[in-house]
Amino acid sequence: MKLVYFAWVRERIGRSEEEVEIPAGIATVADLMRWLSGRGEEYAHAFEHAHVIRAAIDQRHAKSDASIEGAREIAFFPPMTGG
Amino acid sequence: MKLVYFAWVRERIGRSEEEVEIPAGIATVADLMRWLSGRGEEYAHAFEHAHVIRAAIDQRHAKSDASIEGAREIAFFPPMTGG
Amino acid sequence: MAGLARISVQTADFDPGAEAEALSAGRTDAGALVTFTGLCRADDGLTGLELECFVPMAEAEITRQVAEAEGRWPLLGVRIIHRHGPLRPGERIVFVATLSSHRRAAFEAAEFLMDYLKTAAPFWKKEHAPGGPRWVAAKAEDDAAAARWTTPRE
Amino acid sequence: MAGLARISVQTADFDPGAEAEALSAGRTDAGALVTFTGLCRADDGLTGLELECFVPMAEAEITRQVAEAEGRWPLLGVRIIHRHGPLRPGERIVFVATLSSHRRAAFEAAEFLMDYLKTAAPFWKKEHAPGGPRWVAAKAEDDAAAARWTTPRE
């Protein structure tokens, strides 16, 4: 699965995208954030306040309880500040 | 006193402005409309629905009970439809 | 504050882009520029409008209403143009631009000024249509729109 | 309906006047054209912004939100431009134009789209200021502004 990161999530992780193999049992966006947090200090730092991190599945906003089944790309980013 | 008329008030009266001598006892905008209505058929037609006619005293909107004392110019016109 | 506003009552057309640009050019304190352009619609076979205006009163009234808007919202600039005389379908009639630090103020002030221009600026539209010329009647919805500014919103 | 809207997510500047003109040119059914231009302010010694964007998602999300606006208001045209990349104080950031028969629809749709762009389009502002670069925090007032469209107004 392709993961993409933006703004300070990207800066904390130190990369803008990566391909990962998601283990069995990771069903939702929240599960995925928890799993990523355990991949190293930079991920733990990026997701330390997981409740403020927003996600998009295949370029659509997704809530933390959304299923990631069948997703090709998941994006993680802080609250948006455009306009 | 100078009187000015606009839109269908002007068309009904048949002139856009005139100088008139206001008789004693005409104190308000409403008094003036009543007095004008008696000046001829065209005025009676223009002011037949006096409650819809708006007035301005010296280029400021004025209510029908406003005093006309000291006014230099009074305008009569239908509800406005600009913008 | 009233010195911030430029008001024109004119028969000539105008360039909305150039007017908006002039309002914000060279500034770095403005975050929001809202413009409204009113256009002549060809409803019901309308072939044109004749817009009558009491010019000196229009200038004075719009100046007063801009001062009111500047008292209600933190505006950095206002530009108003209202045409009179003959107008064809598709032509520009009126232009309001408001500049502010923040978008809500710019949007609200522009709506307020337009609601005012519709109901209290001395202009009268006469439509030229297949059935002959007719004076446009004032709309109750325009009075209602203007009335919402006399009580606090939200 | 979505075919009425043109959406651009780009690094280049744009010409608001030309964009607005293109939206209404040649039409005689439109009575109201509202534009919003968002500008980069030099608050607190800000020397510039870096606007990060998830470009394909921004295009898709804005397209969906324009469709939502077209379902809520009788719009005749919509144009949205959102820049990303480096921006200096005074530069244009975002442009929304809405065309309708009547002014209320054009004003409300433009405000709706701007509230949406602030809170749900994937852009992130990083400010360059004397104290060093910092990511702009989302504002509660922007969330509140967006939330008012989820319940009927008035």
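So that you can tell them apart, the chains are marked A, B, C and D in the order they are listed, and the count of residues begins at 1 in each.
FYI, contacts are C-beta pairs under 8 Å (C-beta built on N, C-alpha and C of every residue); 3 or more make two chains touch, one makes a residue touch a chain.
What you see is a predicted model; the values in this text were computed from it and never measured.
A.B. asks: Please state, in steps, how far chain C lies from chain A along the shortest route of touching chains.
C.D. replies: Between chain A and chain C, the shortest chain-hopping route counts 2.
A.B. asks: When the centre of a chain is set as the mean of its C-alpha atoms, what distance in Å lies between chain A and chain D?
C.D. replies: Chain centroid spacing, chain A to chain D, equals 26 Å.
A.B. asks: Take the average of all CA coordinates in chain A, do the same for chain B, and state the distance between these two points in whole angstrom.
C.D. replies: Whole-Å distance between the two chain centres: 72.
A.B. asks: Nearest whole angstrom, what separates the Cα centre of chain C from the Cα centre of chain D?
C.D. replies: The answer is 22 Å.
A.B. asks: Where in chain C do residues touch at least two different other chains?
C.D. replies: Residue numbers touching two or more other chains: 38, 114.
A.B. asks: Could you say which residues in chain B touch two or more other chains, in rising order?
C.D. replies: 83
A.B. asks: Every pair of chains that touch: which are they?
C.D. replies: A-D, B-C, C-D
A.B. asks: Taking the complex as given, what residues does chain C use to touch chain B?
C.D. replies: Answer in residue numbers: 38, 51-54, 56-58, 60-61, 82, 93-94, 114, 117-126, 135-139, 142.
A.B. asks: Under the touch definition given earlier, write down the residues of chain A that touch chain D in their complex.
C.D. replies: 4, 6-8, 10, 56, 59-61, 75, 77-83
A.B. asks: For chain D, which residues count as touching chain C in their complex?
C.D. replies: 15-18, 20-21, 24, 26-42, 89-90, 101, 103-104, 106-107, 110-111, 114, 145, 154
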